[in-house]
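Here the chain labels run A, B, C and D in written order, and each chain numbers its own residues starting at 1.
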C-alpha cells in the first residue's frame, strides 16, 4: 500500500485515451500540430484570461524555464527555504537562468508571507555588488500540502508589484489547491498578481507533460527560444499537448485532485494531533516514532521518512479506497 | 501525401502498447521503476557491450547533454557544417556545456572525413587563447541521409583517439543507418571508437523518448546530475523507458527503419539523376525546379523546400505504400 | 578622516616602485614575462609548499575562478551567511562555475565552525535531485574582522577532507589575519587543509592585482583556460605580477597589515564595550546610536552604516596616525 | 629587436604619470572615485556624442561583456573568421553571454563586407530551431592590420540596422585605425552605426585598462551588473580610469598610434611585394621562406610565425627607431 509519492501513480484514463487518439496519421511537428495550437485557447478559457502555454517534460523544466524568462543572470528569486526549486531541482534555477540565485524566506509549512519576504530581503542593497531580487516564487499547494488563499496570493502579488518584481507560481499541485479552495482559477493566479506559473499535471494523473502558463504576454517572447535550446520542445508535440488538453477539457484535473485530496482528508482525521501541518491538499506530514513507523510498515504501508520522528504520506488520484481505509485504521490504532 | 518530416509520423503499435502496459499501478519514481532499470541491460545486449542508458525527451537534449559530459566549457566540438547540433538545436551545445564551441568541418553529404577534420583544426594552437577541440561529433545517418560504413566510423574513431578526443554520434536516424548497413550495432559504435551516442527513436516510430547511450563508463558519472538539473529526468520514468524497450525488444526499430528506407529507396529509383546525394536512409534530396515543385504539390505531395532548386523528401515507418507509389510515379513523370 | 573601506587606500610605495621598475622595454606577453614566471617560486617559498599562482584583477575573480575549479555546475559551496561571495559578489560564484549554489552556514562574526557546517547540510541527500556540496569556503580574516586560529582552520580542513570536499579560503585580508596570529603562512593554509585560496593584496596596499594560490596541483589545470576565457589573464602580465612580488618580497604585506591592525586595535580599546565582535584584523563593528553616528560625522569621520544602530570602521595601511588618534578620542568621548 | 606583439611594449610616460598622480590619499572605491566619474564626459567629448564608459582589465573582457549586453544566450554574432573573438578569446563570447554563437564571415584581411555578412547568414531561418544572429562585430583595425573607411563602417552599420541587429566594434587597435584615417572618431563609430565598442589602450601604451564605450544608452543598463559579476569592476577604480584619461586627454593615444603606424609603414616599404595585406595600422604580414625567417632571426629580430611561409611583424609605440631601421634594411636585403 503505497503512500510515498504521487509521481508513482499511473496516468488516468482520459490522458491515456487522448494519447491514443492523438496517434493517428501525420500531423505538424514540434508545436505545429492542431493539439498544441489549441493550448492557448483552452487554457485561456480555463483561466478566463488570455495566456500563452508551453509544454515541457518535467516540473523542473516548467519552473526553471519560466523563472529564467523573468530573472536576469545576476538576479535573484525569493522563495521558501522549503521550495522545490531550492530543495529538489539540483540547481536548475541557476542552470536555466544563467546564474540567478535563490533567496530563502522562512515560513510555516513552506508558505511565504509578505513579512517573511520582507525579512528575507531586509538589508539588501540595490547596488551592483549584490544580486538583485526580482521574482517571488510561491508553490501552490506548498511542499507541505498547504494552500494559499486568494487573499494570501494577492498579498504576495501586491508586494511583488510594489517592488517591481514578478510573481511566479510553482503549481506542481495547483489542481489540488484549486479543488481545496473551490474558487475560480483566476482568483489565485493572474487576478492575484501571478505573472507566470507552472501548471502541474504529471502528479495529478498525467503522464509526461507539464505546462508553463504565461499571463503577461511581455514575458512569453523568449520562451520558444529557451525551450528549444533546452531540448524542451518535443518534436512530436501532439502527445504532450493531448495530455494537457485531456486533463483540462474532460475535467479530469478536478476529479483526480478531488480524489487525492479526499483521501488525504480522511487520513488527516485519523492522524489527529500527529499532524505537523494542516492537510489542505494531498500530502500529510505526521509525527511518528520509529516504533510507529515500523508498525505501519509491518502492516504493508510504504511512505517517506521525512525527518527524524516525522513521516510523509502522499495520496494520489488512484490511491485505492481500501488502502486509504486501511491506513486510516492503522493511524487511528497507533 | 506527406513527405516533409519523419517527426510527423505517429508512434508505432509496439510503442503504444508498451505505454499502455506500463500504465498499471504504482511504480518507482524517476529512474526507480523496473522498466528504467532494465535499460542498461537491454541496450547492453543490443550493442554487445556494457553501457549506461539515460532517457531524455528530445534529440537536442540527448545530443547536448551527452556532449556536455565530454567537453569542458572552453572546449570545442568538431562537427560537420551541416550537423544538426550546428544547424537546428538553437545553440543547445553551448547551453548544456556552459559555453563550448563548434568547429565546422566541410564534407559531401554532411559526412565527416579524417581529412576534413584535420583541415578544420589545422593551424589551431593548443594554448589557452583558443578553444580546445576535444570531441568529434558525427551524425549517423547524416543530415543528408548518407551512412558511414564501419570503416569510415573506425577511421574517425582512430583519429579521435590519436588526438585524445572523444567520439560522439548523433544517432537520430541510427536505426536507418544500421538497417542500411546490415552490420552489428557494435560495428559502427563502440567497436569503431564511439564513446557516447544519441540513439534516436522518436523519428523511427517512438513517441517522446530518446536515449543517451554511454559506452565508456568513465563518461557516465555526471549525466544523472546534468539530466536532473536540465529537467530531463522524467518523474514517471516508466513511460519513457517503456518506449525504448519496446522498440528494441520487439525489433520494431528494425522493421520501422526498414520500411522507411525501402520507401526512400523506391523513390530514389524514380528520382534518378535528380538525386543530390546517395539515398542510404530515409531522406532524399533532389534537384527540382520551381515548376517541378509546383507540379508535385499540385498532385498533393507535401515536402520541404531545402534550397533554391532543391527539395527534401522524407519517408517514415508509416508512410503509406500508396503514397510512395504515387510519388514515385510523379517523380518519374517530371 | 576616512574609515569607510580599505579599498579606498592608495597603493603602497613598494608596489608603485615595482610597477615603475617593470616598465622597461619589451617583455613576454600574458604570463610569459619574467615577473609572472617568478610567482610560483616566490609564493612557494612564502608558504613553504609548492604552489601555482594566477594573477587576476579583483577579489571577486580570485574567489570565483578558484571556486569554479573545484565545484561542478550542479555543486554547492558551503560558506557563511555573511561571506563576501554570498553578499557582495553579485552572483559571481554561479557565473564562473556555470551554476553552483551557495549553502549558508550560521556563525558568530561570520565565522564557520564544524558544527555550523554540519547544521547547514544536515538533512541534505546525496541524490541527484539536490545540489551537491563539495567545497567549504571560509574567509580569513572574516567579513567581521575576526581571525581563524590554525586549529580552527584545521578543524574545518578535517571536516572537509572527511566529507571529500575541498577547502577554499577567501583571503581578501589574509595578511591581516597572518599578522594577528603571528604564525607561519603554512599553519593556516595547506598544512591545515586549505586546497586553494585567494590571497588579497589590493586592500592591503596593492593597486590592481590579486592572486589565486593553488596548493593542490590537481586543481590548477583548468585555471589557465578559465582565466583566459574570463578576460582575467592580463596581456601585460608584468604590471600585475610586479605588484604581488613587491608585496611579498619586500615584506610590505606584513608592515601594511600590521599598521592597519594596530590602528584598529587602538580604536578597539577606545570603543570598549561598543564592540560587536572581537577586533583581530582591521575592521571594527560598533554599536552606535543615530546620535553617536551624527556626532562622529560632525567631527569629520566617514564610515559605513552597517545596520540600524551599528557602524563599521575600517583602517588601512595608510590611515594617518592623527586620524586614528582623533577617532580614538572621539569614540572615548561618546 | 622585438616585433612579436604590441602587448610586449611598455606603458607610455603619460600613463605612468597618471597612475602615480592617482596614488594620493583615499578616494571613492569601485567606480566612486573622481577619475572614474570623469570617464563618460571625457570620452563623450572625444567622440562628440554622449556615451557610457566602463573600464575592464582586458580586451577579451571588453569585447565579450559588451557583446553579452547585446545578444541573448541563443543569439549569434556575425564576425570575421579571423576575428579575435573567434580565434583568440578562448570561448569568451559564449561564456559572458551565456551561450551565444559566432557565425563566421569570409573576407580578405579579416575585413567584413556587406556581401560577406549576407553570405554568412544566407539560408538561415528565423525560427526557434536556429540561433538568431543579432549582432555584427567588426575589428578596427582588423586582425590583419587593415582599416575600415568611414564608408565601409557605415555600410555595415546600415546592413545591421536594416536587419535589426546591433553593430559592435572590437577596437583593440582603434587608435591606429583613427590615425590612419585622419577622420573624426565619430566618423567610424556612432555616426556610422556603431552601438558599442571596445576601445583598446593596452597595446597602444596603456598598462592594464581597456574601455567599453556604449553609444546607445539603452544598451548600458546591464553592464554594471555584468561587469561586477565578472570581477571586472576594479575595487580601486582610480588606477584604471587614470590610464584611460591620460591616454585621451594628453593625446598620447594619437602620438603612440602614430609612431607605431609610421614604423609599420616604413617596414612596409622595405617589405615591398612580400606584403600579404595592405599595411594600414601597426601590423605587417609577409611572405617569408624558412630561409628568410632564419636570416632575420640570425640578425636578432624576433617575430611571429603566422603560417607556413608567412610571418607577422608588429610595431609598437615604443619600438626603437634603430630597430625599425635595422629591420627595414634587413627586409630590403632579403
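Quick note on the criterion: a residue touches a chain if its C-beta (ideal position, glycine included) is under 8 Å from a C-beta of that chain, and two chains touch if they have at least 3 such contacts.
If you want to know which protein each chain is, UniProt gives these names: A, B, C, D = L-threonine aldolase.
All values derive from a computational prediction rather than experimental measurement.
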{"item": "Cα superposition of chain A on its sequence copy chain D - rotation in ° rounded to nearest 5", "value": "180"}
{"item": "Chain located farthest away, centre of chain D as origin (C-alpha)", "value": "A"}
{"item": "Same-residue or different-residue interface between chain C and chain D, half as cut-off", "value": "same"}
{"item": "CA centroid of chain B to CA centroid of chain C, Å", "value": "50"}
{"item": "Centre-of-Cα separation between chain B and chain A, whole angstrom", "value": "34"}
{"item": "In chain D, residues with contacts to at least two other chains", "value": "30, 73-74, 89-91, 95, 98-99, 128-129, 225, 228-229, 233"}
{"item": "Residue numbers on chain A that touch chain B, as the complex places them", "value": "2, 4-5, 7-11, 16, 19-20, 23-30, 56-62, 64-65, 89-92, 95, 202-203, 207-208, 225, 228-236, 239-240, 316, 318"}
{"item": "For the chain A and chain C complex, residues of the former touching the latter", "value": "73-76, 87-91, 94-95, 98-102, 123, 128-131, 307"}
{"item": "Residues of chain C touching chain B in the complex", "value": "30, 72-74, 98-99, 128-129, 132, 222, 224-229, 233"}
